[in-house]
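What follows is subunit A paired twice: with subunit B in the first complex and subunit C in the second.
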Partner chain A sequence: MRSLIIAALAALALPGAGHAAEGTRVQVTGEIIDTWCYYSGVMGSPDAVVGSAHHTCALWCSAGGIPVGLLAEDGTVYMVLKVEDDAQAAGGDTLLRLAAHTVEADGMLYERDGLNYLVVSDVVSDQDITNVNHNDYGNVPSFSIPDPNK
Partner chain B sequence: MKHLIAILAMAASPLAAQDFSEGSEARSWNLYAEVPAKFDAEVVDVLCTLTGDCPDDCGAGKRQLGLVRAADGVLVLPMKNSQPAFTGAAVELAPFCGQQVTVDGLMLDDPELGANNVYLLQTIQAAGADKIKANKWTKNWAKEHPEAKGKGPWFRRDPRIKEIIATEGYLGLGLEEDATFIAENF
Partner chain C sequence: MRRLMALLCLAAMPAAAQSPFPVAIGGPYSLTDQFGQTRTQADPDGRAQLVFFGYANCLNICSAALPLMAQVVDDLAADGIAVTPVMITVAPDQDTVETMGAPLAEIHPDFIGLTGDTQALQVAYDAFSVEVEPLFQDPEYGWIYSHGSFLHLLDGDGDTLTLLPPVLDVTQAAQIARSYLTPQS
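Let's look at the complex of A and B:
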């Protein structure tokens, strides 16, 4: 009984702020996205806030320090915390340059509280923008390209 | 056994789904998945928390910062500050890294899309201090970019964004593709 109680209480122990988690090595291919627009719906449906349609807004959000995600082919979103030597995931140059690009990433996955966090050790390939969707959705948001007539 | 069940039930209660909307004064953004949430938390460097890679300054606002909620230990990821200007929350939270704070804002809750424990931060209150608005990002940007002073929002003037658009275009597919799209749509 004592061991049962100890095991049960141990299982309920809250994860502390300073406890490093166990990571899993993964290889993921997907698009570098702006997670705020993707999750919030503020600019449109998930299909509209990715790719070439949303490239400029993805630059704005990345430079603005909004978390950048990697949207995998199966729909899983990975929050990117570091790319190779660049840990500046809040507005850093590396992720800004990759906005809307499809990349193949090798790194460590950390799952916590319903989110997937990715530490990319190697961008195996950068395929540039492969999701050419502006003919379907226009530019999203519509003011992302200044009106040349104004 | 009854005592054990009672103890486990009490211990497990913080882990059950909780309503953090009580006392929240968060302003609605009319987002389909928004839920007001005010809670106590420790501000943490997410990369440090997960991997043990921990600089003294928590990345000085350049790393993503998280909120470890006091009530249940859940790591909440603040994605946005309170400005409607494509701006994140790390700069707002950086002065409080390692501290206990009370935050108010909006959770986004759409598990089907993967939006779990993500947050729009509106106010921060450290112990014994006044509550402040999480709206310092644009002033911080202006200090870092005096060369970009001018009219219009920051994202039209940011040197890095302008450089990428100048070479890759608004659509990211090159200037020729931009020209075709603009001619057909404006």
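Let's look at the complex of A and C:
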């Protein structure tokens, strides 16, 4: 699965240099994800680094500045540049609140360098965490919740 | 008259106009490098630049982004494309002219670290839409900061060419950068 993601990203990253991007208004439904853990694979399989299993780590990563993504229902990943009034791609109050949530986003899509960048003007609906996978994977990674006994 | 001056100032601001996105990504700044020299958004040797906002002892995204920058620089250098890796500090209390050079040199010998006073740094943060927020104080490493983490590819004049998400691997990031740059003869 991870190699499939890498291959898909590599294929996307091929087209030539983009210039002043022309935006397209889109509505996308999907999960707000932690792009580092999703693409690097260091914390687990793509299925494990989303949803309730990865919620705590997603908060840490977003707070640390790692860009968040929107994983659409068709598997497309949109790199989120901005959400509503938050002037940053990670760590803002809105993005922390939405970590691992499934949302319907209305915004502008900018395709550049084979990547999809999304400027979200409106979170039309916030469905909370709908991917309840912690029963399958536990907390991923386990150390994202500090051991109170240490 | 004041309104006219304000309009003229706005007209002279290149940040938003040069951004490849509808978000301010790039613009003028004037900071100080680890050698005590003033450095602006323009590379003194006209080389392309990879610019990242972080801090030298950051254990979070910087520990991935800074080595990625170094590897991309080396990958491009093999094709005759010279790119300078630049880190603009978000922690001027920790990254000073005296201290930031050594840890950056361990990552890449060409790394330039930039710091400055609060006002000068804020100009750079605003130009690149980078928000910096202290999160908590680690007893061993000092303050831990939240900060933006995209890599910015700039040309020799300091104009933004594109963004590179720090989650790309070296091959992908270098491939995108290569599409904007040409080898030097």
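Brief remarks follow.
Following the convention adopted for this analysis, the second predicted complex is superposed on the first by the 125 of 150 C-alpha atoms of A that agree within 3 Å, B and C clash if a C-alpha of one lies under 4 Å from a C-alpha of the other, contacts with A are read in each partner's own complex, and residues count from 1 in each chain.
Keep this in mind: a contact is a pair of C-beta atoms (placed from the backbone, for glycine too) under 8 Å apart; a residue touches a chain by one contact, two chains touch by 3 or more.
As the structure is a prediction and not an experimental result, all values here were calculated from the model.
By the touch criterion defined above, A:132 lies against subunit B but remains apart from subunit C after alignment on the C-alpha atoms of chain A. When the two structures are aligned on the shared chain, A:92 is found in touch with subunit B and with subunit C. Of the two partner chains, both subunit B and subunit C are touched by A:119. When the shared chain is aligned, subunit B comes close enough to touch A:55, but subunit C does not.
Of the two partners subunit B and subunit C, more subunit A residues are in touch with B. Legend: residue contacts after superposition of the two complexes on their common chain; A:67 is shown touching both subunit B and subunit C. The contact surfaces that subunit B and subunit C form on subunit A in the two complexes overlap at residues 9, 14-21, 23, 35-36, 38-40, 61, 63-67, 79, 81-82, 87-92, 108, 110, 112-115, 117, 119. Within the complex formed with subunit A, the residues of subunit C that make contact are 20-23, 60-61, 64, 129-131, 133, 135, 144, 146-150, 161-163, 165-169, 171-172, 175-176, 179-180.
Partner subunit B is touched in their complex by these residues of subunit A: 1, 4-5, 8-9, 12, 14-21, 23, 35-36, 38-42, 46, 52-53, 55-57, 59-61, 63-67, 75-77, 79, 81-82, 87-93, 96-97, 99-100, 108, 110, 112-117, 119, 128-129, 132, 134, 138-139, 144-149. Of all residues in subunit A, only 6, 9-10, 13-21, 23, 35-36, 38-40, 61, 63-67, 79, 81-82, 87-92, 108, 110, 112-115, 117, 119 touch subunit C in the complex they form.
Taken in their complex, subunit B has these residues touching subunit A: 4, 7-8, 11-12, 14-15, 29, 31-33, 42, 44, 46-53, 59, 61-65, 68, 72-77, 79-80, 85-91, 108, 110-111, 113-118, 120, 137, 155-156, 158, 160-161, 164-165, 168, 170-173, 178, 181-182, 185-186.
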